[in-house]
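Here's a structure for you.
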Amino acid sequence: MIRFYHVYQSYQKDVFALSDISFTINPGEFIFLTGPSGAGKTTLLKLIIREEVPKKGQILVNGQNVSSIPVSKIPRLRRSIGVVFQDFKLIRSKTVFENVTFVLKTLGIDLKERRRRAHNVLKMVGLQHKTHFYPLELSGGEQQRVAVARAIVNDPVLLLADEPTGNLDPDRAADIMALFEKINRKGTTVLVATHDRDMIQRMRKRVISLTAGRLDHDSGSQVQVEES
Amino acid sequence: MIRFYHVYQSYQKDVFALSDISFTINPGEFIFLTGPSGAGKTTLLKLIIREEVPKKGQILVNGQNVSSIPVSKIPRLRRSIGVVFQDFKLIRSKTVFENVTFVLKTLGIDLKERRRRAHNVLKMVGLQHKTHFYPLELSGGEQQRVAVARAIVNDPVLLLADEPTGNLDPDRAADIMALFEKINRKGTTVLVATHDRDMIQRMRKRVISLTAGRLDHDSGSQVQVEES
Amino acid sequence: MLQFLYFSLSEAVTSLWRTRILNLLSLGTIMFAMFILGSFMFVGLNLQNLALDWQKQIQFNIFLNDDISEEARAEIQAYLGKSFFVDSFTFLSKDQARARFDEKFAAYEKVTENLEDNPFPASFEVFLLRGTKQQTYTTLKDELKSFAGIEEVYYDEEVFRRLGMFAGFIQMAGWFFGVIVIFSSIFTISNVLKLTFFTRREEVDIMKLVGASRAYIRGPFIVEGVLQGFLGAGAGVFLVYSGYLMVGRFLTGNTSFILGNLEPEFLPMQWVVLILLAGGFSGLLGSLFSLHQFLEEHISYH
Amino acid sequence: MLQFLYFSLSEAVTSLWRTRILNLLSLGTIMFAMFILGSFMFVGLNLQNLALDWQKQIQFNIFLNDDISEEARAEIQAYLGKSFFVDSFTFLSKDQARARFDEKFAAYEKVTENLEDNPFPASFEVFLLRGTKQQTYTTLKDELKSFAGIEEVYYDEEVFRRLGMFAGFIQMAGWFFGVIVIFSSIFTISNVLKLTFFTRREEVDIMKLVGASRAYIRGPFIVEGVLQGFLGAGAGVFLVYSGYLMVGRFLTGNTSFILGNLEPEFLPMQWVVLILLAGGFSGLLGSLFSLHQFLEEHISYH
């Protein structure tokens, strides 16, 4: 599903936010990405959705080389990936409902169907009563859950979540992780960047850990282990 | 230092984000404010800095009734309080240095002194090497630490921190809490809103807990206990 | 396609309404730009009317021999009657001509007082159509030469030259100013749209990140631009109309202008439609420009 | 106080530079607004010059009796020489007057041909100063009545009335248009500043939340507004100057205008300074307005 071949990324000359990153994530896997603040987790996720292009190396996502696909194909790539951004990235002039269903609307899905889907996912994150609120009228944790709802509304083949429980209480956080597991069980590949050591330990999934831009540790693919 | 007398806050008719909140925080205390997502923690902090005015009730901060002080006195009140906002609230068009020292500049403190102070606080949060970066060039956790640095740069008498470690790895989070304890020992009253149960348990401080806008539990003032 | 149009329109209308404070600002600016354009057209139109009015008052005189035959006179009269350029003409007998001279050139009273004989010739006074060029005068003069009984064909070249210069100057000022006004209207509209769109670049970045395709991001902005340009132009034309009413009231209340028989004329319907279309078109151009300039690229904050 | 000024200036300059893309947009819009204002003044000034030029060409004729004494003539000449309103005058003898009439009124050739006696009186042709009012003519006429030997004082009232009407019309169009242009310049500047400031309302909210006092939040915005207004006005004046050069080149390259002796005049220095000040002032007003309107209140996003 995702392959990194010797990927380097830098924002300033000779300072690498990521260096020599190589790993493979198979379809259907559930992976935690961890590492201290500033290690390069968000940068790695940005490369997957081609928000950024790596300075060196190749990245394959769902069979496509994301650093070389034409610009016109980027939207389709991104629509196949659900992303929970670390800073939520909700559109402030749109309500929760509109934020969650915006992409569905551009795809021409009618209002009724959009309502149904939004209702479903908002219920999953416990926000059905905030459907017509604007993001700035929500608490931090509520905004985060809207971001989760938006990421899963289009049944993505790949789900990227950047610190998706940083603003949630432990119970809500566990709910969200259970939700991710459920989605994962239906076939979606899930990659969660997080600092939450307890959660990582509890869930017993493959862990990729970064330190200062280098791949520090990879607990190995469970799927591959099962296959061999 | 802070007194709430039967405070109510609501954003829509008959839906209360906070209802009947009363408590007292003495000078020099270190308090955790906790509660599930949407419980009203951020709202409570907003009332303290008079970002919002309560619908009902009285709030005393540092001897002043914040719902009735004249508008012209609000800036001075806010300058005496350091705040780490849940969404950081960094000015994107200003560098880390400028964000941290903006208020000092309005107070006429000269560049040399501002440099000195900024260097101190940025070192405390481990970001001295990011002094001239813009917020959008920082990772989530780095932005959060800039927010912490800004909150403490002016030696506030009261420090409010809203989920200040949500984007930090456990080690960094512990560093920040140690920093808050140090500041608290120098006499600053500290109020930290957080979801991190481990941290709350480890630190053994007074805990005020909210659920759905109601004061659920208050472990009581340690300072008062020592006095009696 | 229909779905795309529906999407763009609904998003545009929602956004116009939700950020109406902001949009009123840009709409107001567009309105004033179009107001200036419209006022300019209005003033230009009326100055031109004035110039044409004056030009119309230029006489073209055909002086006749004292011994002209009735037939010859009738022939000339017939020619004038069917000429394309002639608006109207009157015949002036010898006596009328003398009386007219006395009246007009009071300073030369003495000159005619002493005359026993009437030296003034009979004449046709011809008024040509509005907007006649010097060229026409010359042609008419040449054609009339072939008629019998004409002593001389005369028109006041000096006045004509003056008026021509005046018209030329007004026209030049008009072109000079008009180009400026049109250019800066378009520029203003496009800039203002850029500014309003600029406040939403974050939104756009988010839309891109969640996988909205280019067309769906641009569509609503373009519709918004066109709507704003169109509405702004409408408001501008409305202001010009109010100005027109005010000027009209001022003129009828001011005696010195009644004498001049000056009555302002409002912009003809086609021009109004043209202004509205220009507004919509500038909006379209403006939004295309701004989209090209900053919606495609991530513009950093600093 | 000095510290406050330093703070405002340094923050304003930094912000202008950091958001220069945005600021160029608003600066450009302000520039065009001031360009229109400046062009308007430029065109108005030169149309007025033209009108005054024509007016100067109106003669004021003093016809003398044929039997006037040398002393009486000298007396009139002395009076004209020291009159405040007289620009220049020439004496026209009886013979010169006849020749002039023959030349000027070629149509009436016959009239003078048959005369043995010269009926044309000698006269003074007086050119009054530019911008003389009808009032002045009347006054002069009255004063001259007391002199001996004057047959008649005459000036062409019809032409004067025409010119007066023309000047009145130009002036009215000028006022009408000028008010619009000034008003919409101010409005445009203030709107554009509001739009640019609007992109920064979050910043302002943050500044308020961290305890910056009102003055320190407003200061930099006001300085920015004034600077933008001032710079925009400067750029606008520069554009007008370019336009002036272009028009000048066009006129000298175009023979029909050389004859008219039309030479455009650029705005005098005081006007330029006035425009610059107006720009700065509109910037000040604009920023004050916008600050009042939305920096004081939390404006929600929807």
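Letters A, B, C and D mark the chains as written, and numbering starts fresh at 1 in each.
Everything that follows uses one rule, which is that contacts are C-beta pairs under 8 Å (C-beta built on N, C-alpha and C of every residue); 3 or more make two chains touch, one makes a residue touch a chain.
Since we're looking at a predicted model, the values are computed, not measured.
S.K.: Using the touch definition from the top, what's the fewest steps needed to get from chain C to chain D?
M.R.: The distance in steps between these two chains is 1.
S.K.: Please identify the chain with the largest separation between its CA centroid and the CA centroid of chain C.
M.R.: Between chain C and the rest, the longest centre separation is with B.
S.K.: When the centre of a chain is set as the mean of its C-alpha atoms, what distance in Å lies between chain B and chain D?
M.R.: 62
S.K.: Distance from the CA centroid of chain B to that of chain C, rounded to the nearest Å?
M.R.: Their C-alpha centroids are separated by 66 Å.
S.K.: Give the residues of chain A touching no fewer than two other chains, as numbers and ranges.
M.R.: If we look for residues of chain A contacting two or more partner chains, we find 92-93.
S.K.: If I count partner chains per residue in chain D, which residues reach a count of at least 2?
M.R.: Expected reply: 18-19, 301-302.
S.K.: Sort out for me which residues of chain A touch chain B in the complex.
M.R.: 11, 34-38, 41-42, 86-87, 137-142, 144-145, 162-163, 166-173, 195, 197-198
S.K.: Could you please specify the touching residues of chain A with respect to chain C in the complex?
M.R.: Interface residues on the chain A side: 49, 51, 72, 75-81, 83, 85, 89-93, 102-103, 105-106, 108, 150.
S.K.: Within the complex, which stretch of chain D touches chain C?
M.R.: So the residues of chain D touching chain C come out as 18-19, 21-22, 25-26, 28-29, 32-33, 35-36, 39-40, 43, 46-47, 50, 54, 61, 63, 101, 106-108, 110-111, 114-115, 117, 119-121, 151-152, 154, 162, 165-166, 168-169, 172-173, 176-177, 180-181, 184, 187-188, 191-192, 194-196, 198-199, 243, 247, 250, 256-257, 260, 262, 294, 299, 301-302.
S.K.: For the complex, which residues does chain D have touching chain B?
M.R.: Answer in residue numbers: 3, 7, 15, 18-19, 200, 203, 205-214, 216.
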